[in-house]
Each structure stands twice: as structure tokens, then as C-alpha cells.
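Read through the structures below before going on.
Heads up, the next two complexes both have chain A, just with different partners, chain B and then chain C.
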Partner chain A sequence: MSDAAILSAPARRRGASGEAITAWALGLPAVLAYLVLLLLPTLAAILLAFTDYELGAPAFAWIGLGNFTELLGDRGFAQALRNTIFYVAVVTPGSILGALAIALLIEAGTRGRTLFRAVFFLPVVSLTVAMASAWQYLLHPSIGPLNAVLRQVGIAGPAWLSSSDTVMWSLAAIGIWENLGFNLVLFLAGLTAIPRELYAAAEVDGAPSAWERFRLVTWPMLGPTTLFVLTITMIRSVRVFDTVKVLTQGGPNKASEVLLHAMYLEGFTYFRLGYSAAITLVFLAIVLALMWLQTRVLDKRVHYG
Partner chain B sequence: MTITRRAALALPATLLAAPLAAPRIARAQGTAITVHYAQPYIYKNSYDAILEAFSKVEPGITVNFVTTPNYEEGAQLILRQAATNQLPDLSYQGFNRLRVFAERGIAQDLAPLLARDGDPAKLGYTPSLLELARFGGIQSGLAYAASNPVTYYNAELVKRAGGDPENFPRDWNGVLDLAARIDRLGDGTEGMWFTWNGDDWMFSALLFGHGGRMLNADETDVGFGGPEGLAALTLLDRMVKQGGMPNMTAAAARQAFAAGKVGMLFQTTALVRGTLASVGENFTLRTTGMPVIDADTGRLPTGGAAGMLTAKDPARREAAWKFLRFSTGPVGQALMVRNTGYLPCNQIAIDDPQHLGAFYRENPLFLPAVRQLLVSIPWYAFPGSNSVRVTQTMVDNLARIVEQRATPQEVQADMVAEVRRLLPRKS
Partner chain C sequence: MTESVTGIVVENATRNFAGQQVLKGVSLAVAAGEFVALVGPSGCGKSTLMRLIAGIDRPDSGRILINGRDVTTLRPAARDVAMVFQSYALYPHLTVAENIAVPLAMRRMSAAQRLPLLGRFWPGSQARRRGIREEVGSAALALGLGSLLDRRPAQLSGGQRQRVALARAIVRHPAAFLMDEPLSNLDAALRVHTRREIVEIHRRAGAATLYVTHDQAEALTMADRVAVMQAGQILQVASPRAIYADPDDLRVATFIGSPRINTLPAEIDGHGLARVAGFPTGVRLCGAERVTGAATLALRPEDLFLADGGIPATAEGLEFLGESLLLHARHVGTGTALVLRLPPELVPDLPPGSRVTLGFDPGRALLFDAQGRRLRDTAVVPEPSLV
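Coming up: the complex of A and B.
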């Protein structure tokens, strides 16, 4: 018996290394894809951010922090950053509270759950660019249905997408509409996971009103879901681009310029890839900061156990 | 077991390597060239028709088309491919982008090739047509399609406001007065819309109209800092104040015009075909020339595209040159006009009625632009690497007038200062 064990040991080791090689070989496509499609481009973007490279230019020079010093004094970039923050600050609470309210209503209702879920989820599965065209028509200052309704009640509706006073609010409203369905589905999933007994226990313990039950049971139990929804919504709204590109191109006079659109303009319209890469790094830093916030700070507060 | 596993792992590798080992497909006799153009939704029919005619004349040359949805992406494609040495042999680019290619040494000088073929004017390339694609000190391309701004108007709205569709006002005073009257018709009807956003092209129509220029003659300073520039900006201000021009995006304005809610629209003649299609039976669409600002010194900008030669291989360069010459020759230009609505860029196609006489008789909406050819000058492209950014700077400043947040004087001062900063420094 012991002889057999001694004999089989090297064989097992050989087998283990074979397994390891196979594991690496099987993992290779994924590792390669990660390297080639994600890590190397990110590194390239980081390197580019320190150069003055322009598309089609024969050569480039290292300019150190030159691009970043320019960013600090760039009126367009400052405006883009402000607008992006405004967009996140409106879309995140708007789409989260809206989704939560609708999720509670659907969950409390007895009929038509599937229907409502589908109706509110539709914006998520539809193509943003195509939907933007529909919004363009709805918000059209003279032939759009929204202003036509307002005219009926005697209000001269604003030029929603072409006035610098309203353009960011209009884009944010579209953003809420876009994100709401996605958040809704996540909240619905979170709600079904809450054990029914907790509600019964709360009632027994003297929390008869719906609001008390929500405050004491639903909201704390939804903590992890809410945290996830919060992070994902913030990241999704920092990434706003399609609606801006299709509807306003950042106008009028940069009133709706956002980070990714500024990056696109610099890199692909003005061909300044180095500068564009610097904006990308700022964007990357914001997204990473949000993720760090989720994993390090908030995660500790919402998980019980 | 081990063998099977190894075999399973080897399979994908074999599959990946297989195409490399396959013998190259033998190329047919003759030369194959790659030709790039933008905006296939406007140009595809014209290039297809030209290729069909070209193949009959040059059966030995095969042409493969590469397209990009718009000029912007077309310019990106060529700049990218220049960096990786994968350029097509011939590329049709927007006039205002040619300068970048000429200054970065990507577009080749066509002057020697033209000289070899004889007197350019006899081939229909008059000096003013050649000028359209002269950038960076070289003949960087040959104009393929040209356009200039025209007035589109809704004959019914003009009539309802008390105007005469047959005698549309010829100057801005008359136009703004009529626009104000249309604006007062109510029910969400707007008097006019001028395509001031998108790029600086339509603004240059107002500036050139006053006899002004974008930069001075030696390109060291801005040319709109004087009275012409102020007059152009003031005119835009008057469009809002007197003409009641609403604040809309270009897409919204075109939709409202097609729905019969805007009296007149000022934009490129290249959109006649598209506008006609979207207007349908809603109202009677009419076109006329731009309101005249200064009959003597006033000019209009020319938009459109030119073909630039990028082939390095001598045989392909020769073939690409043949296709470029054919597409910009009388036959190619007649096909281009009939399929797009752009203006011809070959004097023979313009003068000889056998090419386009019948087309213009049947399509009078395209005529005003042809009549304006005499006062058209090239689309100005700013020098240096900031050339496109200058355009955006100007549009941003114009927005302040349209939103009535700044006076023409303030905007002029800011625009001069901001554009000056973006010009290349000359030592």
C-alpha cells in the first residue's frame, strides 16, 4: 500500500503540472483577450496622454504633464466636467428613486406585473440612438407633441434641446427614462428576495403603517441592491454620450458638452489624440473612484453578517 | 486521454493558421484600385453610375469602393491609414478637410499630372474650379461635387403672409420683413431659419457676402475683426430680432420646414433632393439665390468634395488618376449631377447643353445654385493643426447671438481673440 503511494507520487506531480498547463492553455484566449483588448489599449492611452500625438502627424513628442496643464485652463473641458457632474447628480437620484417607487408599486399590485415590468424595461433594450431620434421629435420646439400640449394650456414651451437653459435638464430627463427600467428590474429582484416573515414580524412588533414597514424592513434589506444600483447608475451616467452626439453635439455654445463627447471631439474631430487620451484618463479616474467608493466605503455599511 | 486533450487544444491553432498557409488568390489581369468616398446615402448612386461608365472605357481597371458615413469619419480613416501605411489609392474628401491632408503630406500634388495631360482649361478644369481644391500651396485635389447656399421657401406661407412667391425679395431687408410677417401668422409658424450651426460654412456666406474674408491675405491674422465681420454678426442678430428666427438645432429646423412650419430656410443646395422628398405634398417648395448683400464684392462659399490622390505604387497611381479624371470629366460630372443634385465641377459639363441641359429644364429647383457659381469662392479652411477647432469656436460664439446673450460687438471681440489664439504662430 505504502509502496504504491510512493510510486504514484511523481506521477501525480506530472499530472498536476499537466493540469496546470492545460488550465493556462484553456484560459489563454480569455487572458489574451484581456491583454490585447483591455490592458494594452489602456496602457497605450496612458502613454498617449503624455504626448502631443495628432492623428496623421508623422511624429510626436513627450510633453510630460502638458496635456493636463492645458486641461486645467480649458474652458470647454471645465464646462464638460461641470455638465457631466450635473447630469450624474440629476440622473442618479432621479432614476433610482423613480425605479424604487415603481418597483414598490408593481410589487404591491396584484395584476399586470409582467406587463408593467416589460413596459418599463423597454427603454433598456431599445437602441439609444434610435430612441434619441424619437425624443428629438417629442421635444421639437414647434412640431413636437410636448410643446403642442403646452400650447393648448397657454404656455409657450421652451426650445428643450437647443436652449442652453433647458438642454441639460432635457438630456437628464432622457437619461432617467433610459436608466429607470434597468434599475427597476434590479429593485424588483431585490424585493422578491426579502423574506415575507420579516414583514409579518414587523407588524407584530407594532409597525402597522406601510411607511414604517418600508423604513424598518424594505429599505435596510434592499441595501446591497441599492448600493449596486447606485454605483452602476453613476457609472452609466458618467458615460453619457449617445444622446449628446445625436441630439445636441454639445451645443449651444458648449451648454451640453460632456466628458466623453469632449474626448470624442478632441480625438476624432480635431485629431489631437494625445489630449483626448488625457481626457480619457480623467474619465477613467472618475470611474475607478466610484468603484473604489463602492467596494471600500459603502460595501461595509450595507452588508449584514 | 492526454492525446485527445492535446489534439483538442491543437485544433483551434490549426484553424487559425490555415488561412496563412492557403495560397494567395491569383490576381486577374489589370490593376485593382481602392477608392474611398464619404456619405454613401448622398453619393452612392453617382459613384456606381460613374464606375459603370468607367468600366466600359477602362475594362482593365477594377475599382473597389470603401465608404464612410460622413466626411469626418472619412478624414479620420485616411489619417489613421496614413499612420499605418494602408491608404486607399484615391479618396474623396470634403473641401475644408483637404488642407489638413495637403499640410501633412498625404495628398499628392496633381499639377504635374494635369500638365502632362495638356491644357487643363481645355479639359474643363478652369482656374476657378481648380482653385476649389488648391490647399497648402499644391493642387491637392480635383473638385468632384460643389454646392453653395441657397434660399428654400414655402410658397404657401409666403403667399399667406402677403408676399409674392414669384418675386421673392432679393435683399436681406426685404427677406427679414417677409420673415417677420410669416412669423406673425401664429399657430407655431416661424418666419425663417438660417443654418448658423454645424460649421462655419453658412457664417462665411454672410461674411463673404459683405466682402469680408476669414483671414487676411498672408494668413497671419483674422479677417473678420473689421466692419465686414461686424456687419455679418449684426445681420445674424437681426435675423433673431427682426426675422423672429427661433433657437433650433439644424435637424429640428429641417423637420419643421418640411412640416410647413417655417417660412424660409437658408442652407446648402446639396439638400434640395432630400428636402423635396421630406416635403412631399405638404406645400410647394421653391428655391432662389441667397439674398444679395453687396452686389459688387459679395461672394459665397463653395461646399462639396474633391478627389485626392494617395496611391504610391506607380501602376495603381496611374489607374487612380484615370478614375479621378473620368469622375471629374464631363461624362462623370453629368452623372454626378443627375444622381446627387450637387453642382458640376467641370466647365464642359456646365457649358455643353448635351450633358445637363435637359436635367436643369426638368429640375428648376437646382438652378439658383448654378446661377451663383459666378460669385462662389472656395470654402475657407484655416491653416495649422487647429483648423477644425477654429470652426467650432466660431459656431460657439454665434450661439451667443442666436440665444441673445451677447451683442454682435461683444461676440466679435471674443471671436477675434479666441481664433487668433488658435492660429499657427509665424516666426
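Coming up: the complex of A and C.
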């Protein structure tokens, strides 16, 4: 035993640098992927945002903050930003509160947990583009089942996706439906992790109603889950694109234009890559701000260390 | 009749889980001011019984009374009980003071007054909050938590968390006090120390206390009476001394006491004489209990001694414990393992395999029938008729 220890001591010293090389070698694929797929494109986008580069153009010029000053005056962009904020403001509370309510109902029930979980999770695993076609049919003003039902009760349903009054609400409703299942599964996991004894203690301590037990135990214990769900839902809804692309293309008359769709239009329809990159940076700033909010501000209030 | 009894009364409670009867008609009474320990191996139903009394679970049949009031169907909040959980079940987002205040706030303040921010401005809220703060302060002081009131549970040690759980239970002065293995998560040294504290708290609070544990040392040292439970039944309820020295049932005798009581297969002849492998034991069954045939003779390790004549056995090993010494031996006639607790200075050097003969005072031997029921009506046969 001790002989072996003496013999291996110099070997270990020699191994120190070898160990570092091995570590770098093992980390290399991930480092490369990070550089090539994330860091370099981000840097490229940042650089592009300060140019007037157009796809296929032989040259480009540095125009400084030109793209950003143009953004400030661009009414289409302002509309896209407003619509995105509206979408986030409706989808985030809608899909979080809805998911929490359904998760509580499923958790309280005795049967069918797996079934309900699967049913609500289905939109998450299905292809949004394909599902969007189903929504197009459901919301169709003349042949859609929704308006058919409304007609039965004597209401003339609006043209959900082609009227500027209802289009954002319709998209938001689809967004809630899309995000609900994901949030639901997270909440169900969070609920299972709450110790049963805390509920027993709340009952013995005299919590008079289910609502009081929710306030005393469930809500605080779900804090970390809720924070995660909140951040993820906000980022997911800032990123809204495919339903808009498939269902409305930002119309009618830019009434459903959103950030990423505006970026897509500028970059890949009008080939103004520099301007498109500027929109991307605005998007990036919003997402980073949301993440900062999570880690710096809210995180301290939900972990009771 | 039981209606006039104060404290906790359980009458014939049964509880089934998935077709399995976990409680088989349990009856138990804990008088006001009494400390009863409910002890039994894991899975014997003791925690289930406690949950029935707390109201977290309901019995399938039977009744539960607290201070003479039938609470069988009442919710926990309406029962006037407090409970200390094995995991302490503290609210992690609340400070120590807020944790202790929960039972008072839930009872004395309206839902509107309890609201996080607006509640302060609700009429009457300030006075009640002040009253609660004072009572929380005195409960915390009683448990030495005065300097920790603003901490969160995660910042406390196991022993401190346990005190917070105790303070939360006593702050309301409940009629019944339930404790579910409160010491099992503490380290050994702290456990012994906290035992005395819990007894002291109980004495000051004066509530009927039911203490569930699987640790017989806790049960024997802390309780006024010990209830031994096994397989969904309470086998015996008696003082710690009686449980140890005068058990009703062979299962009680073997569960209580460490090392385990020695049990020797015996038979009782037509004259009521008990023999072990043909060897007369000096114990005779008399009176009404006319039992013959197979029986069990049980002897505590400290009731056996090395003698010149007696039960033949083979020594197998010695364990030195300081104040005493354990001799492991095997009975020659039946192959039963035996343990003797002996004063260390009286034990000669006994290499494994050496022959010994063991004596005992027949007056201290316990006799059980084939079903494990205690046969109490025994007498010591005078020496001459032994042979």
C-alpha cells in the first residue's frame, strides 16, 4: 500500500499538466460549438447592426447608430414592439395562472393524472406550424367551428385572424394554449416536491380553508418554480414568430406585426441585414434584461436560504 | 362515562389502507397533564394513530374525544391539538417569529387582517398583532429562541429547528400535545439532552401529551406511562417499570429491554410445574390458569447468573460494557441463545466453548403461554420438590 503511494507521487505531479490538457481536449467540442454557434454570430450581429449591409451588396459602409435612429422613427417597428409587449403581457399571466390552476386541480384529483398531463402537454410536443393550420381552420370566419358555435347562440363571430381588433387577442390565445402544457408540467413537478407534512402542519395550525393553505404552503413553496416558469414564459413569448408567420404574416396592415417577424421581413424579404441586425439587438437586450431580472432581483425572494 | 374524562381518549379506532388493516380497534386514554409514550417498531400503526388524533386522517370506525368532546369528524383546526412533526414541518419562507405566530394568527385574526400589507390597516389588527407578538416572545423565550426570532429555518441547526417546532406547538396552550418522533433527526448527544427539555416543557404546559417513538429508551425515560404497539394493536399500557418488569405479553417483553429478554421454550406438566428441556425451573403455575403443554419462560439478562448447578449452557463470548459485562451463551438442551448481564469483577475467564451452568431466581422468571399471553398466577416451588 505505502509503496504504491510513494511510487505514484511523482507520477501525479507529472500528471497535473496532462490533466489540464485532457480537460481542454474534453471541453473542446463544447467550446467550439459555443464559439461558432453562439458567440461569433452574436458578435457578427452586433457588428452588422452598425452597417448598412444588404444581402448581395458588393460593399457596405459603417453608419454608426444610423440603424437605431431609423428604428426610433420607424412606425412599423414601434407597432411590432407594442404588439410584442401586448403578447407577452397577455400570454405570460394567462399561461402561468392557467397552468397553476390546472396543476392544482390535477394534483388534488385522484385519477387521470397521466392522461391530463399528456393532454395538456400535447401542444408542446406538436409542431407549431402544423398546429397553426388547425387554428386557422378553427378560427375561420365562415367555416370555422368557433364561429359556428357562436352563430348557434346568436352572436356573429368576428374574423378572428383578419380583423385588426381581434388578431392580437387570437394570437395571444394560441400562445397561451402553446405554453400552458409546458408550464403545467413544471408546476406539477413543483407541487410533488412540497412535503406533505407542511400541509398537515398548516391544518393543525388552523389554516381554515384551502385558500389559506395555498397561501401559507403552496404558493411560497412553489416560489422557485414560479420564478423559473415566469422567466421562461416571458422569453418564449417575446420570441413569438411561427404562429404570426403562418397565420397572419403580421397583417392585417401590421396589426399583428411582432419583433421577430419584423426582423425576418427586414432581413430575408427586404435583405436589409444591417437594419435587421439592429432589431435583433433590441430583442437580445429585452431577453437579457428579463434574465437579469430573474437572477438579480427575484431569485433572492424565492429561495429561503 | 368517558365523556367526563379530560385529555385524549381513543375508543376502538380502526383504519384500513388499501384493504390492509393498519389499526385493529385501538383504545387509549391520555389524561390531562399526563405524558404517554406510544412505542413500537416502524410500521406498527403508531403514526397512523397520531394522525387520527390530530385530525389529519379519519378513523374508519371508533371515536376520538378530546377533553370530553367528540372530535372524530372535526377538522384539525377545531380540535385544540398541537403537533410536532418528525421533519418539524416549519414554513421555510417565514422567520422563526412568524412560524411560531402562525397558529395564533390563524385563529385570532380574520382573513382580511392577515393580508400581507393591507392587513395592518384593518380595524383591530394592530392590537391583535401586538398580543400575538407578546405571546410569541414568551414562547420563544421559554425555549431559548429569543435571539433567533428573525432567522429563517434554513439558517438554524437541527436542534434549533426542533425548538421552533416545539414553540409553535406550545404557543397556543392546546388541550392535547402530539409529538411524532421529534428527536429522531437529532444526533445522539443532543437527543439525550432534549429528552429532559421536552419533559420539562410538558410539565409546564400541563397538556395531555402523546409521544410517538420507536426508541424504547425515549419511551422509558420520558413517559408517565408507556403504550406498546405492534401490528396495529396496543399490547399494554403501563408505567415504564411495569412495562419492563411485569409485561402482559411476550411481544412486550421482547420488544422492551436491551439486550433482549432471554426466552426459553418450556413445558408445563399436569401439576403446573414448568420445565425447560426436562430441567425443573422452580416455577409452578397455580390457581385458575390450568394451562399445560408448551410455554415460554423469559428471563431478563440481569436475572441470570453463573451458578454451580442449574441450566447447562456453552459460553460463546464476552462483551465488556464498563459498568457491566454481557456473556453470550447457548442453552445446551434447546440451542437457544442466551445473554447474561453480569458484574465484570465476578466473571472468570471464559474461553468460547467452555461449559457453564446458569442459575436464576424463579421469583423473577416470567411465564407465557403458547400464544404469548402472560401467566401471572405462578408460585415458586420450595427447594426440596425441585428434584
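FYI, the second predicted complex is superposed on the first by the 294 of 305 C-alpha atoms of A that agree within 3 Å, B and C clash if a C-alpha of one lies under 4 Å from a C-alpha of the other, contacts with A are read in each partner's own complex, and residues count from 1 in each chain.
Operating definition for what follows: a residue touches a chain if its C-beta (ideal position, glycine included) is under 8 Å from a C-beta of that chain, and two chains touch if they have at least 3 such contacts.
Computed from a predicted model, the values in this text were never measured in an experiment.
> Given the alignment on chain A, is it a clash or a fit between chain B and chain C?
Verdict on chain A: chain B and chain C fit.
> Who does A:Leu265 touch here: chain B (first), chain C (second), both, or neither?
It touches chain B, and chain C stays clear.
> Which partner does A:Ala25 reach: the first (chain B), the second (chain C), both, or neither?
first
> Should A:Glu203 be classified as contacting the first partner (chain B), the second (chain C), both, or neither?
In the superposition, A:Glu203 contacts chain C only.
> Which angle, to the nearest 10 degrees, do you get at the Cα centre of chain A between the Cα centres of chain B and chain C?
150
> More residues of chain A are touched by which partner: chain B or chain C?
B
> Which partner does A:Trp292 contact after superposing on A: first (chain B), second (chain C), both, neither?
Neither partner.
> Once the shared chain is lined up, is A:Tyr34 touching chain B (first), chain C (second), both, or neither of them?
In the superposed model, A:Tyr34 contacts neither chain B nor chain C.
> Report for A:Phe60: first if it touches chain B alone, second if chain C alone, otherwise both or neither.
neither
> Would you check which partner chain A:Pro220 touches, where first means chain B only, second means chain C only, and both and neither mean what they say?
second
> After the superposition, pull out the minimum Cα separation from chain B to chain C in whole angstrom, please.
Minimum over all C-alpha pairs of chain B and chain C: 45 Å.
> Pick out the shared contact residues on chain A: the ones touching chain B in one complex and chain C in the other.
none
> Give the list of chain B residues in touch with chain A in this complex.
Residue list for chain B touching chain A: 2, 5, 9, 72-73, 75-76, 78-80, 82-83, 100-101, 104-106, 188-190, 197, 246-249, 251-252, 255-256, 259, 261-262, 385-386, 388-389, 392, 395-397, 399-400, 402-403, 405.
> Spell out the part of chain A that touches chain B in their complex, as residue ranges.
Within the complex, chain A touches chain B at residues 18, 22, 25-26, 54-58, 136-137, 140-143, 147-148, 151, 159, 161-164, 247-248, 251-255, 265, 268-272.
> Looking at the complex, which residues from chain A come into contact with chain C?
So the residues of chain A touching chain C come out as 195, 197-198, 200-208, 212, 216-217, 220-221, 223, 304-305.
> Mind listing the chain C positions that touch chain A in their complex?
My answer: residues 51, 54-56, 75-77, 81-83, 85-87, 89-93, 102-103, 106-107, 111, 152-155, 168.
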